[in-house]
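Chains: A, B and C, in written order; residue numbering restarts at 1 for each.
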Amino acid sequence: MILPLRLEAVAFAAGGREIIPPLSLEVGAGASTIILGANGAGKSVLMRLMHGLLAPTAGRVAWQDADPKRVRRQQAMVFQRPVMLRRSAFANVVYALEAAGVRAGERRARALDALREVGLLGLAERPARVLSGGEQQRLALARAWALHPEVLFLDEPTASLDPSATREIEAVIRAFDASGTKIVMATHNLGQARRLGDEVLYLHQGRLVERAPVERFFKEPSSAEAAAFIKGELPWV
Amino acid sequence: MQGIANSVLEGLRLVATLDLRLWEIVALSLEVSLSAVAAATLLGLPLGAAIAVGRMPGRRAVIVALNALMGLPPVVVGLAVYLLLSRAGPLGEFGLLFTPPGMVIAQTVLILPIVAALCRQSVEDAWREYEEQLRSLGVQGLRAALTLVWDIRFSLVTAVLAGLGRACAEVGAVIIVGGNIDGVTRVMTTTIALETSKGDLPLALGLGTVLIAIVFALNATAEVIRGAAQRRYG
Amino acid sequence: MGLKRFAFALLMLLTFDLGAQERFITVSSTTSTEQSGLFKYLLPLFTAKTGIQVRVVAVGTGQALDIGRRGDADVVFVHAKPLEEKFLAEGQGVKRFDVMYNDFVLIGPKSDPAKVGGTKDIVAAFQNVKAAQAPFVSRGDKSGTHFAELELWKAAGIDIAKDKGSWYRDTGQGMGPALNSAAAMNAYILSDRGTWLSFKNRADLVISVEGDRRLFNQYGVMLVNPEKHPNVKKEMGQAFVDWVISPEGQKAIAGYKINGEQLFFPNAR
């Protein structure tokens, strides 16, 4: 188990600007965590700090497990725009399994299983890059599914997709959740947050301003910034 | 203009009536240059890619040096390799001077920076797109470099062709290291130089035309293969 | 050590199956000798008799001797006696043999600004060229031909390094390219007869002066010293030297003709 994840006074500055002032928080197993905030609030930076793609300029990102390899392999991330290799959809999933150290004999079965789970089995041999945006994002989820990670990070996964593709992606995310994977997702789609999340972390200018179960957050936000955001009145940062 | 055109036609006629010797020369030219391109590609692509994704101290200095080496004068490379391979030099015991393998070595040294530098630029551009996803999957360093090289292989064809063009075109390195020995180390470019120096300009022009035609054919073939493969694999 | 040998054999195998098995010697000689076509005619005769392939590296005289000094050739075959004797004195060669001579000719423009056409005195001709400040192309590349030219200036009492004007064009080129330059500039130039006979790009140039004994160009052959350079193929190299000065080799040399004209005159003793 690599959860819970503890951020201890984690800060991030770049280009002379402090994007995330020192932030401490604990993320545990179970509840799906939604990170909400306006554009520029620091959602993406926070996710990347948690996932290890960015190193904090202060503080510590600490998982329960000390082994860096296990920590890496128990996480997966899906980005707003999926990045696929110039290979078939199937080969892209196999690549991820290979990188994660899965034995050669197991890779094929796990890859096919993952493609089936997201409904892409019929497109398995298609070059990944000719798939539609929605299909590629489902493929990114299949790639993550095959790894059976403990934690799945998603950075605005449906921001570039149309409503029907969005629905398909949300169905897969629900399947992840049902199978026990911890979901940490950044979004600015309030409806999506309500549909998929159990708790909300609300960021305002890099600060964690509110943390609450999803229904209470939307019905009775305790901070002025959150209330304004929900009302849709928050100006772009 | 008329004079040049006439000379070219005269040269082509001479070339067409020429004996087996010419085709031996063409075959040797292709063997040497293609071998050098193969070696430079095998060494240069991983090298360029590793520099692209790497984060070592002095990285920018390495990039500047690599780019600068693209402009290595062939005669300077020829001289350096000559001194290395000469019996009086450090690698003399192998007797590679005045042999085709020696010429391959010289041309590989010449075009390795070209292939590596162009690859470095292409991979660096691709790394910007792939970096987060690959690192998320736990892929970095040499493994990431090789993944990128394979993924952008179609655009790397240009880097390889740049190396091929340079190898086929140069005289300085192969003439010093090969010795332009009749029947042994004489290639198209050195033959052209020889015929020009003998004042036999029509023949030199004819050979030059054949050389350009061959290089064009190689490039056209590469483009056809690249286009077909790209359509298949996206 | 074993690894190096293996790598080398692999390289040879992968690239070319050349030379490793063949019996051959490397002879360093000059561009003018090769361009005269002598080797194309002569060497097959030697190979037919002995089965030894002769690989000629043709460069300038200075470089040909240097190749011998580095042990990169088995035999040296050039035409610059003072330099050859220096080579011997350094212990780089075993013994020097006269082989043959050809001659130089003074090539010049048909218009003959120095008024030397048809004369027999080369030294006087050089003096006239300088007096008329007629354009003159020099090879300037430390070749045998270049040295011959410098000797003639000296014999004419002219310190060419000091007294040269813009009429004297020092090009640093081989015989063919230098003739090309002379044709383009319509200048005088000292050339070996062989290269001139094969030269096709003559423009307005003709032979101005020939026949003076001082224009004779002596060739010598030497085996590179195997004591200094153990890799020298001394039996095969010696076989070549022996053949070239033998009656058979000498007759073959005399048999080489361009347009019915003999180019080289054997004079081995």
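Throughout what follows, contacts are C-beta pairs under 8 Å (C-beta built on N, C-alpha and C of every residue); 3 or more make two chains touch, one makes a residue touch a chain.
It should be emphasised that the depicted structure is a prediction, and the values quoted were computed from it without experimental measurement.
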| Among the chain pairs here, which one is joined by the most contacts? | B-C
| Central chain (by mean CA position) | B
| field | Of all other chains, the one whose Cα centre sits farthest from subunit C | value | A
| field | Intercentroid distance (Cα basis), subunit C paired with subunit A, Å | value | 78
| said: Quick check: how many Å separate the C-alpha centres of subunit B and subunit C? | reply: 33
| note | Separation of the C-alpha centres, subunit A versus subunit B, in whole Å, is 46
| query | For subunit B, which residues count as touching subunit A in their complex? | reply | 129-130, 132-133, 135-139, 143, 147, 151-152, 232-234
| said: Using the touch definition from the top, list the residues of subunit B that touch subunit C in their complex. | reply: 31, 35, 86-89, 92, 94-95, 97-101, 104, 179-182, 184, 194, 196-201
| For the complex, which residues does subunit C have touching subunit B? | 4, 8, 11-12, 15-16, 18-19, 26, 31, 34-35, 39-40, 55-59, 69-72, 173-177, 179-180, 183, 195, 198-202, 229, 231
| Residues of subunit A touching subunit B in the complex | 48, 51, 53, 69, 72-73, 75-77, 79, 83, 85-87, 95-96, 99-100, 127-130
